[in-house]
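So that you can tell them apart, the chains are marked A, B, C, D, E and F in the order they are listed, and the count of residues begins at 1 in each.
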Amino acid sequence: MSNQEVWLPSLQTKTAQEGFELALKLSRMGVKSTQPDVEVLKRLRNDYAEDAMGLTAASQVVAINFQTVAAANDYWK
Amino acid sequence: MSNQEVWLPSLQTKTAQEGFELALKLSRMGVKSTQPDVEVLKRLRNDYAEDAMGLTAASQVVAINFQTVAAANDYWK
Amino acid sequence: MSNQEVWLPSLQTKTAQEGFELALKLSRMGVKSTQPDVEVLKRLRNDYAEDAMGLTAASQVVAINFQTVAAANDYWK
Amino acid sequence: MSNQEVWLPSLQTKTAQEGFELALKLSRMGVKSTQPDVEVLKRLRNDYAEDAMGLTAASQVVAINFQTVAAANDYWK
Amino acid sequence: MSNQEVWLPSLQTKTAQEGFELALKLSRMGVKSTQPDVEVLKRLRNDYAEDAMGLTAASQVVAINFQTVAAANDYWK
Amino acid sequence: MSNQEVWLPSLQTKTAQEGFELALKLSRMGVKSTQPDVEVLKRLRNDYAEDAMGLTAASQVVAINFQTVAAANDYWK
């Protein structure tokens, strides 16, 4: 997924909650970079969004990305 | 999940135990951001809350988020 | 699991081994916070304690929590 | 995969988005180093690119590598 | 596993290789703390030692513990 | 695997790519330390090298070890 669209201008966010949103975006872009076909992603949605392990695994990716964004923002101290 | 409700004002907590509570909240918000439908989440609860691997996986997400919150609070030294 | 019982007064421990014990406790509390029903946890014990992947997954959660506790104690240098 | 081709000259990137691209590359090289046979990798593509858990797992590897690249670039502050 | 036997006197090691050995020990103690019955552990050995995912998962726990031990020793610089 | 053969003299490498090679070695040694029998490892190779989840899981272990090696080398700045 290395087109010219700028979707990640910076890791800096004003608030922790915006940082969490950015972590969600990073997690989704990790999926989209691997599977760019939005139709496939829509078809697969229920496989994880209606599956306990799928949701926990998704939450884990967000947690790792949030750890990165939080460190990037000195934990919004 | 980018509505206006402020659920994460800060990563700072007074105590380590409150930090653990925040890690639990971050983990649950990671799930809710992926699956906002509370009815679906209720239906899926037993799939992980009555499953050894599901509980271990959930505990791992909490551990990663707790690592972030603990660093954010300089380990409450 | 946000009752008033103080189970995590601090991340500081005198020794690395006590730090490992605290990491075990954090890991178990991550499970208990998700599934507070001790009877369910007892019923599920063999599902992970007699399962290779279950034991490895549990050891991984301890490793992540130990990483946090070790950093919190400047590695007991 | 220890041939003379230089595919990783540096961890430094100009932008966060380029850093994310590098994290994708590191993740793919982790796979290619384990399975150099491109025909096998092509055959296996649908097994993860059309599977929710496969895509989430891939996104997690990217998240870990992005954490490394972001720290290497002082979060592009 | 909170008996009086001192198995983890320190995280400091003379060399990186000894640090790797310590990471192996921490990983095994994470399993033993969850399942102290050595007979059960022996019975389960083939379940992971003769299983590709089991071996990869075990290697991941070692990698996390090695990350902790390496930081504790300032990477033996 | 605590024989006298020195396979890990140091975490220092001249380049990021050599650091990635070292991360691959650490990951493989994590497996070999758990299952020293090379014949078993050969027999199991296709189970992960021809399996999408197996390859992703292997790439994740490399990512964690690379994170350690990169920090050990101050990201080769």
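We adopt the following convention: a contact is a pair of C-beta atoms (placed from the backbone, for glycine too) under 8 Å apart; a residue touches a chain by one contact, two chains touch by 3 or more.
What you see is a predicted model; the values in this text were computed from it and never measured.
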| field | Interchain contact steps from subunit B to subunit F (minimum; 1 if touching) | value | 3
| field | Rotation angle superposing subunit A onto its copy subunit F by C-alpha atoms, nearest 5 degrees | value | 120
| task | Among all other chains, pick the one whose mean CA position is farthest from the mean CA position of subunit A. | result | E
| remark: Relative to subunit B, the most remote chain by C-alpha centroid is chain F
| task | Since subunit C and subunit E are copies that touch, just let me know if over half of their interface numbering is common to both, same, or not, different. | result | different
| field | Between subunit B and subunit C, centroid-to-centroid distance (C-alpha), Å | value | 16
| task | State, to the nearest whole Å, the distance from the C-alpha centre of subunit A to the C-alpha centre of subunit E. | result | 31
| task | Compute the distance, rounded to whole Å, between the mean C-alpha positions of subunit B and subunit E. | result | 27
| note | subunit C touches at least 2 other chains through residues 48, 51, 53, 57-58, 60, 64, 67, 71
| Linking chains that touch, what shape results: line, ring, star, complete or other? | ring
| said: Ring order, please: subunit A first, subunit D next, then the rest. | reply: A, D, F, E, C, B
| note | Residue set of subunit A touching subunit D in the complex reads 1-2, 6-12, 26-31, 33-35, 40-41, 44-45, 47-48, 51, 53-54, 57-58, 60-61, 64-65, 67-68, 71-73
| note | Given the complex, residues on subunit B that touch subunit C span 15-17, 20-21, 24, 48-53, 55-60, 62-64, 66-67, 70-71, 75-77
